[in-house]
Amino acid sequence: MTDYLLIQAFNGLVIGIIYAVIAAGLTVIFSILKIVNFAHGEVYMMGGYFAYFAIALAGVPPLPAVLVAMALSFALSVLVERTLLTPLYSPTTERKGDYGILVTFGISIFLRALALIIYGPYPLRPPSFWPGVAVVGGLVMAWDRVFAGGAGIAMLIGLVWFMNRTSWGEALNAVSQSRESAAIVGINDQRFYMLAFGLGGALAGGAGALVGPIYSLSPSMGLLPDTQAFAIVILGGMGSVAGSILAGLMIGVLESMFVALFPDPSRSLTYAQAFSLLVLMLVLLIRPTGLFGRAHVAME
Amino acid sequence: MDALPLIEARDLTKRFGGILAVSNLNLAVQQGELVGLIGPNGSGKTTTINMLTGHLAPAAGHIFLRGRRADGHSPSEFAALRVGRTFQITQLFSRMSVLENMLVPGLARPHSHWTAATRTARRHLEFLGLAALETLRAKNLSGGQQKLLELGRALMLDPEILFLDEPFAGVNPFLRDQIIELVRKLHADGRTFVIVDHDIEALQRLVQRMVVMSRGEKIADGTVTEVREDQEVLRAYAGV
Amino acid sequence: MSRWSSAFALVLAALALAFPFMVNAYWLSVGVLAMFYAIVAASWALLAGYAGQFSFGHMAFVSLGAYTSGLLVMTFGVPIPLGMAAGVLMCAIVGSGIGFVCLRMRGPYLALFTVAFSEVLRIVIVSENEVTGGSGGLEVTPLFHGATDMPYHYLGLALLGGSLAIMQLLVTSRWGLFFRAIRENEDAAAAAGVKVVRFRILAFAITSSFAGLAGGFYGHYIGILTPDIGSVDQMGLVVAMAVIGGAESIIAAMIGALGLEFLVESLRSYGQWRLVLFGALLLLTMRFARNGLLALAWQWLAQLNFTSLARGRGRRALRGG
């Protein structure tokens, strides 16, 4: 029994790292563009498919396919941002908060419907990064999961390094804290919104690519992450990347433990989906400002 | 012996995180007074008004309205009790017309009717010089007109007491004089005023009593001349 | 209403009444569905566009109304009208509850919370398949037993007309003023004496009730209920209909729903591409015609009227009249 629980905990950790990557991407978008992006899960989904087709059509090996997926997700996000989000920066746009909600919700609907046509409704499974399993003592772990966890950690480290050690990243940080002050010191706003949205999307897409071999791909796989990522971001404190990482790990492990310990096995999987949704609802009810991090900044 | 104050704050305190915005404030305003509330930036003036109109809950202390406890009331309850206010940054219903802006408070009052409320609204708009703009959307008004509309909206509550938060901020001298005149007339009609502003000159022309706050505390409370010569007040302004 | 709009409304009413005799059975059924969507879209527009509460949980109430009625009728033999009424009541209660717990939430957080609520409800329906039939569906007694959809058409018309009448009454009353004030500036509304708490809860209770009514009608028309009716994609459809029509006007939202449903069905041969079209139309409308296509059309019409009027006046002036 403990072996089973340990495996579940390990799986939970891996999925938690994935959640953390998705949530970190969302935090970057949220803290800089100041919008709630309902379409984040759809970029995650697209990333998974980008990797699949990079492997299947272009013969890219599985590992580099993740990078290809990230690059394409970056491009997709920038395209979305340039065509649909620019009104958010214009002083003549009224009720920006409403616009952000409706437009990103619309993008999510659109991308999901598009994916349904292009990729079809049946789940697709990309080839493994690393076939086989690792056996440690009594525990059996799929290499794919180990790889996903490791790659996810690498992405997070990369993000933190980027935000703290490069001039672009520091500029992003500045913009996230105060748009006006950043503009005064010459940081050109528009390029940073593009960068932020693209970066957030790249992370989501990368997470999708990592998850493909483990859970397979479907057009609606982004639905749950849409809201779940927000539970994590809010729990982690809205503007804090570190907070999202911690919260992501927490949720991942807790969710797995939930599945493992839920008394009715026939319902455990479906109700597990509701787990993070309930967490979101609870957090929104009790402490919309989250566990760590900055107090919420109003949309307008 | 003092009559029952119209509104009274006792030991009112408010904290934001670690900052003590208002500390043990004691302030009583009698019916018919015209009080100015001044102080350097960050002295807690707007926070005090927010507490006295229900927009913020005090951390400690009590508020009495006509002798009855009122802390914990919501802003709409204060409005129903005929406490009106304007905001530092004008808060209007931007996409609604001028008349509709006036009708919202007019019809929110119990036992109100459309015809009577419209008549009252038009009367106030006439008084404020906004009658011709009745059908315009509030967001299309000039800054000064918006300030007047906000005052009109507060008047629709038939308020016994009006809190004005920086009515003279960023206002041209002509409009400033207009506002002073309007307040004088309304005061003569029997309404009580507490006015927060940084324009001490304008307030001095208008008010009988001046209250000074600094760093969350009341440091002076008296006639205009008394306060003008108060050393502590001078130090508070100079020190900041 | 002016003479022209009364005349227009009469023509429309006549067309609506004669509709079953003008089209074949397929289009008649499309019409029934269109009226279902019209009630849902209009009530969503009332909540989100008019009262400013952007809830993405509206379909949860459609689902709740449908399943409440369906389960009461199938399990306890309750007569359908009573079942539908119970569905409406259930939605009013749960809607008030949601409105209450969301009081401190604004804008996107309200949207997030309601979408989560909607998904949780859907998951519960799917999971408790012994009671609800789960993904396989719940068979529900239809309202009318007959070869034709005609009775559904007229009932739908009555429900749509009744809903429209009530919503219009609301919108033109002082409550409508208060809803808009809350939408424009909640703090100012409170300072103006509007009981914000009461009206936010009311907005949810009322609009959720309409959704529940529509859901009950839908269930007892289609005859089989699936959890999909409460899905996010269905919500997206309704949002698209309302926004494309014009989210701040109940009538525009209704027209948007009717128009788009017929459009979607006429493109049936294109299969799933029509959903992509919907989504694209929604995005284009948001980006370039925020107040909806009807408002855009109205503007063009107004400009046309204006120029022809001006020409008319000019001619008269030349004649010296």
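Just so it is clear, A, B and C label the chains in written order, and each chain counts residues from 1 on its own.
In this section, a residue touches a chain if its C-beta (ideal position, glycine included) is under 8 Å from a C-beta of that chain, and two chains touch if they have at least 3 such contacts.
In this text, all values refer to a predicted model and were calculated from it rather than measured experimentally.
Relative to the C-alpha centre of chain B, the farthest chain centre belongs to A.
The busiest chain interface, judged by C-beta pairs in contact, is A-C. For the pair chain B and chain C, the distance between mean C-alpha positions equals 42 Å. Between the CA-based centres of chain A and chain C the separation comes to 32 Å, rounded to the whole angstrom. Rounded to whole angstrom units, the spacing between the C-alpha centres of chain A and chain B is 47.
For chain B, the set of residues that touch two or more other chains is empty. The touching residues of chain B, counted against chain C in their complex, run 53-55, 74-76, 79-80, 84-85, 87, 91-96, 100, 103-105, 107-109, 114, 153-154, 156-157. Listing the residues of chain A that touch chain C in their complex gives 35-36, 38, 83-84, 87, 97-103, 105-114, 116-117, 223-224, 226-227, 230-231, 267, 270-271, 273-274, 277-278, 280-281, 284-285, 288, 299. Chain C makes touch with chain A in their complex at residues 52, 54, 56, 101, 104-105, 107-109, 111-113, 115-117, 119-120, 123-124, 126-127, 232-233, 236, 239-240, 243, 271-273, 275-276, 278-280, 282-283, 286-287, 290. Those residues of chain C lying in contact with chain B across their complex are 174, 177-178, 180-181, 184-185, 187-197.
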